[in-house]
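Below: a set of structures, written as structure tokens.
Same chain, two partners: chain A is paired with chain B first, then with chain C.
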Partner chain A sequence: MSTTSITTTETPARPALPVHEGSLGSRIASGMATPGGAVFVLVGVLLVAIMVSNPNFTDPGALIRFAGRTAPIAIAAMGQYYVIVSGEFDLSMGAVIAAQVVLAGNFIGQDEGRIIPGLLLMLAVGALIGIVNGLVTTLLKVPSFIVTLGMMLALSGLVRYITGGAASGNPVDAFRDIGRGGIEDVPVVDIIPFPLIILAVVAVLSVWLMRRPFGRTLIAAGDNPQSMHYSGAPLWSYKTRAFVLSSLSATVAGILLVGYAGVHPSVGAGYEFTAITAVVLGGVVLGGGRGWVLSAAAGAFALELLFTLLTSLGVTSTWRDTVQGLIIIAAVALSARAWQVGRRPRRTTSSDPSPSTDNTATPSPNQPSTGATTGDN
Partner chain B sequence: MRRTIRGTLASTSAALVVLAVLAGCSTDVEEPADSAAESTSESTEEADSGDEGEWFVQADYDEQDEQRSATFEGPESEPWLQYIDGEMTDTSEYNSGGAKKVCFANASVSNPWRQTGFITMNQQLEALQDKGVISEMEVRDAQDDDNTQLADIDYFISEGNCDAFVISPNSTAAMTPGVERACETGKPVIVFDRGVETDCATTFIHPIGGYAWGIDTAEFLVDNLEEGDKVVALRILPGVDVLETRWAAAEKIFEENGIEAEDFFTGADPTEIKKIITDALNQGEVAGVWMDAGDGAVAAIEAFEDAGVDYPVMTGEDEMSFLRKWEETGLNGLAPVYSNFQWRTPLLAVEKIFAGEEVPKEWVLPQTPITEDERAEYLEANEGMPDGHYAKFGGEDLPGFPEAWQDR
Partner chain C sequence: MKARLSTVTSTTIVYGVLLVAVVAGAILTAVNGRNFFSVGNIDNILTTTSILGFIAIGQTLVVLGGSLDLSVPFVVSLSSVVGGGIMAGQSGNIGLAVVVTLALAMVVGLANGLIVTFLRVHGFIATLGTGLVISGYLASNYKGSHGSAPLDFRLLDATRIGPVPMSTLIMLGCAGVAVLMLRRTRLGHHLYAVGGNAEVARLSGLRTSVPLIAAHVICSALAAVAGLLLLARLSVGNPTIGSQGGYDLMSIAAVVLGGTLLAGGKGNITGTLAGVAIFAVIDNVMGVMQVNPFLRDVVRGVVIVVAVAVYARRELDTRPPRFERPTGLDAALQEAR
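Entry: the complex of A and B
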């Protein structure tokens, strides 16, 4: 009687776990306090700073054009996010962009009929590069750092061989319009650039994808590959797909950049580091397991805003690389620490002081004391 | 609650720290680089004041300024054979019959200007092979690397079995010992384009030079702009003498005439160029664009189109992409020329040297900009050529014209 009464009274007493904790407002507030959320605050701060230093930037038209030209970097950053969150790196991104830009110039040229086949070819090449990167990393167990570095060099060499290092002609204007044009005569902002629309689509798809089992598994794979291995999930397949997404996003960035500016083998140079910096600035932890995909895109915006702010403050662009280097180091150091604070205390540094004081007070006869190389025996 | 506060603090302070560091750096940037004074010892002696920058040499500036209006010896229809009267090298010791082997140490073909020139050179080679002057030309491409080029030259000296050396140096100081070693073989050495710090070569072939480019372009902008107007100067990369002197001359003229010029390095990357112009337009009106090389000029013009503002007064280069865009937009511009036809001259010099004809010790080729009035003529003459082609390539009478330049 008493046992049954206990079980019946206890079950309803345990409240169902809520889907979300707290109200929407407090959830946003606590989200903003994580490194992944704080980057949005940073974007806001930088935006205000630019507007103050350069009032021309308050013009909605100027803002939307800025957003449009940052779209390729944000898309590349989201691609890099998949790879980083699963615990890997993709250094081949810039070379993929350069290869795709040169491919667009050579294959499409001035023939409008080749736009669709050209786009399909570029996406196929992008996917293939991702598959190679992914399979060599996962199945041959070569660190992704080396695999993608090799891929970067191989592609750069190929581009150099094809072009000799100089620009060839631009592809037809209709193709370039993807990266250069937009919906015109829009009230207030004047123009909505196509790259911004493509960025929005990619962002929505990315959020959806990260909420799917694929996204959850990818994060788990970055957080604890060992447990994922024991759970029986095909890690190689998930990581390979992450590399494919990264190469495809580099391809999309390449399509936008060839439209924005034109063909040159140096287009895309340094994009892998810009993307990694953006991802890190977005609070995504290098080594994987933590971070939000939209924070990576916000990181890209924050980075470009920072560069624009520096330009308007009169800092020469030759300092860009230095800035980027400092940001990578500072953001990795601080965001890793910030995430750590949010974690549950580790068992080794238990908050309960009694066991540790016990240890120092009465050391076990078999344990070596601090500084000693051997124990009692 | 404590964790959330610390989290925000940590990441926002990360950004603030970076900002603060940079704000600190920005004050140092303005300082002129005086450390470079040692590297070019002559320049400090000859420069009239120290603050002109490391690349400005007043004597060279004055010399090239004069040469712009000098009379050139030789037929006007063949500008690649013209030269300014001066010291000649006696080559009677090399007078000999038979086809010779030429060894060419090339810095690179990594820009459209060099690619166009290299095609012209190969077509000139074909013509001279048909004449029985040259048997073959062995080419080594250093891919923009000093060490590679030094190794290339040493390979030619020891194993190349060369009758004459042609060297297009990658950089001035680093290539000097290589050229000296080639001279020590006693065989003819021909240096062209970028210079070296020795006069041991049989002949040094080059157009007038970077100062002349800078004077032509800056004077054009000054004439077409008002005092206080803003000019964006787009530069490919620092540290190459033929590019640095272009800017050194232009900067001096801009300063003297109250033109507010700001320079940026672009790496010829059109994305960078477009960003720089767009940012500058966001800052305020841009009245002029100056370029130290025309590669990427189209991206610069497109930035004005995309921002929906008036075209600037602009100087590009005689690259077809710029000439075409210039005509299409009708902007007020000038196409300075760094004479691409100089790539023909080294092989023609080889012909002269082995015939015992004297050649100029310093072979200064004409270098005249293309004005708006002449533009149509050059566009017509180069119809069907790719965008990366240079209008003054000077190969119209060579075998393989025009297909060799069209299919690249």
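Entry: the complex of A and C
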């Protein structure tokens, strides 16, 4: 080895990569340009539109009550997010909510002493449903669409069989207060609903979880399951945990909904599609690998704000479905383009000159070594 | 060789499951002191089969192309009320009503196909969206049943040729045409290619949008036929008849039960027909045994998952490693990015 070659390898002293690219403002701006960020802008725009059309909404108390009512949907959407970002579907969410609501009504009843055991039992049942969904999807290799569809049919059939399809006794009021109560006599906003507090806790936990190796691996598993499989990650375990989180979120949503809606087997009907719509509206890509967990919650808020806006504009409630359908198609069509723009160009790189002789002399520190650059196949 | 073996076994398993269902059904019916193979019972099974059969044939085409159609129940309801409205009890209007209804459904299918192919929205969301649009229209404009079918049109459902209902024969005819389309025409082969791997199909010089749009149009048209059949059966149009039947998810379940991969590119119509028949047999047996209607859903859910688990293992194990694909919708959904 001559001294020159030693110097060439030493001279490109690897510049320390900056932790962040650009200033905080520019990073926020570029984040807002992605579909996951744009939904927050959408929430803001809708909020202003509602306040203009309905002055009652400018009252902080009304706003916070609205947020409390939306909390169950936002929590369900965050649960659905884990499953969708890992590349699967959870259609059993609505049936899980119905099952938990009925379970709460029957197990807790009018006995305040059974609230804590009841909550534990509901969470255990939720986790069990998630484990079954996850293991059948991953180990028996049944598409999650079918597994959760089967779970939905089975659970909702069971619930209607047990209740006879009619409303049954509500659980004790102390339990229902989790859903409809709040911290009273707060200065500005009058009341802080418990659902909002639970939503905040769930949101913080979700952000923390998605920053941990679990969250990173889950997104990677949704983006490219094959490569995650090759890199040795136990995909079945990660995806199963995603299903468990989804069912647990549905359980929490069910606990909150008991307060609002009481015990009826049709509570939670259609929640799976609402949650998927909210997640997709939040810019999370169906098929996995892209999206932010808080965007899913923001998607739920955007959806509810939209309905509220339509109501305050005097649109008949029967047309809500139509507007919802048009909105989700438009949102997904736009975000499909937006993610495409944000991606690194794929085809052009493969037509670039592959590592030739003059490149080998000065290997760039952030390029893969020769032989690994065979395009994107 | 291995690949051929797997395709043979896949369809064979479906018919094996159907055979098991029929035998178990016959035994259970006999235990209840009834004859499973009586003309009345067979007729009942075939009648149940025909509605879901039409929808499932169309759904198979869409799933083969790597998409989904969740808008079918609303197309069924729409064609039921529109057809009933135009007929208004007059025999002379039947032709016009059928043509208008089919054309309307094909416009919906065209919209689905264009949204999926040109706007690059995944079929799940695109058809969920168009379904919601139609459902909003139906809920706003139709309160309760609407229109009525003339006697001539009601005969469509009531006529029997031997023990076989006319509707089942039409359904089998449609299935035959669809099978020919898939096996013999360019469109069918292209549909398999696009569903298997849209990118490879595109690089091979196919217009990837054409087969998928055609599949969506045919699917909606067949859903409209199912809606007209329901109109003939009930003699009035009903704006919620489709969503009551849960035809979106049940047809997808029947397609997957028939051995078609949800990711697309692999499967056939004959398997789907067996899947529909399995549902019909199970429903019939539970009806004979007087199982609680709510518990029937539980049995259906378990049967779907267990049956698909049987094929899913089989097909993944025998596929040559080169063509190994991730399970579930992942492969099809790669497109949606």
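Operating definition for what follows: the second predicted complex is superposed on the first by the 333 of 377 C-alpha atoms of A that agree within 3 Å, B and C clash if a C-alpha of one lies under 4 Å from a C-alpha of the other, contacts with A are read in each partner's own complex, and residues count from 1 in each chain.
Heads up, the rule we're going with is that a contact is a pair of C-beta atoms (placed from the backbone, for glycine too) under 8 Å apart; a residue touches a chain by one contact, two chains touch by 3 or more.
Fair warning: this is a prediction, and the values are worked out from it, not measured in the lab.
Visitor: Should A:A174 be classified as contacting the first partner (chain B), the second (chain C), both, or neither?
Guide: neither
Visitor: Touch test for A:L310: chain B only (first), chain C only (second), both, or neither?
Guide: In the superposition, A:L310 contacts chain B only.
Visitor: Where does A:V201 make contact in the superposed view: on chain B (first), on chain C (second), on both, or on neither?
Guide: Neither partner.
Visitor: For A:I28, decide between first (touching chain B), second (touching chain C), both and neither.
Guide: neither
Visitor: Touch check for A:I116: first (chain B), second (chain C), both, or neither?
Guide: Neither partner.
Visitor: When the two structures are overlaid on chain A, which partner does A:V323 contact: first (chain B), second (chain C), both, or neither?
Guide: Touch status of A:V323: both partners.
Visitor: Would you sort A:L128 into first (chain B), second (chain C), both or neither based on which partner it touches?
Guide: In the superposition, A:L128 contacts neither chain B nor chain C.
Visitor: Check the residue A:V186 against both partner chains and state whether it touches chain B (first), chain C (second), both, or neither.
Guide: neither
Visitor: Please report the chain A residues shared by its interface with chain B and its interface with chain C.
Guide: The answer is residues 160, 165, 316, 318-319, 322-323, 326, 333, 337, 339 of chain A.
Visitor: Given the complex with chain A, which residues does chain C contribute to the contact?
Guide: Chain C residues touching chain A: 115, 119-122, 124-126, 128-133, 135-137, 139-140, 249, 252-253, 256, 262-263, 292, 294-302, 304-305, 308-309, 312-313, 316, 326-330, 332-337.
Visitor: If we count contacts the way the header does, which residues on chain B are in touch with chain A in the complex?
Guide: By the definition above, chain B touches chain A via 3-8, 10-15, 17-19, 21-23, 25-26, 29, 108-112, 114-115, 143-144, 264-265, 267-276, 278-279, 282-284, 295-296, 298-299, 302, 306-308, 321, 386-388.
Visitor: Mind pulling up the chain A residues that touch chain C in the complex?
Guide: So the residues of chain A in touch with chain C come to 87-89, 91, 136-137, 140-147, 149-158, 160-161, 165, 222, 225-226, 273, 276-277, 280, 285-290, 316, 318-326, 328-329, 332-333, 336-337, 339-340.
Visitor: For a test of understanding, state which residues of chain A touch chain B in their complex under the given definition.
Guide: Answer in residue numbers: 29-30, 32-35, 38-39, 41-42, 45, 54, 56-57, 62, 65-66, 69, 160, 164-170, 180, 190, 257, 260-264, 266-267, 269, 281, 283, 302, 306, 308, 310-319, 322-323, 326-327, 330-331, 333-335, 337-339, 341-342.
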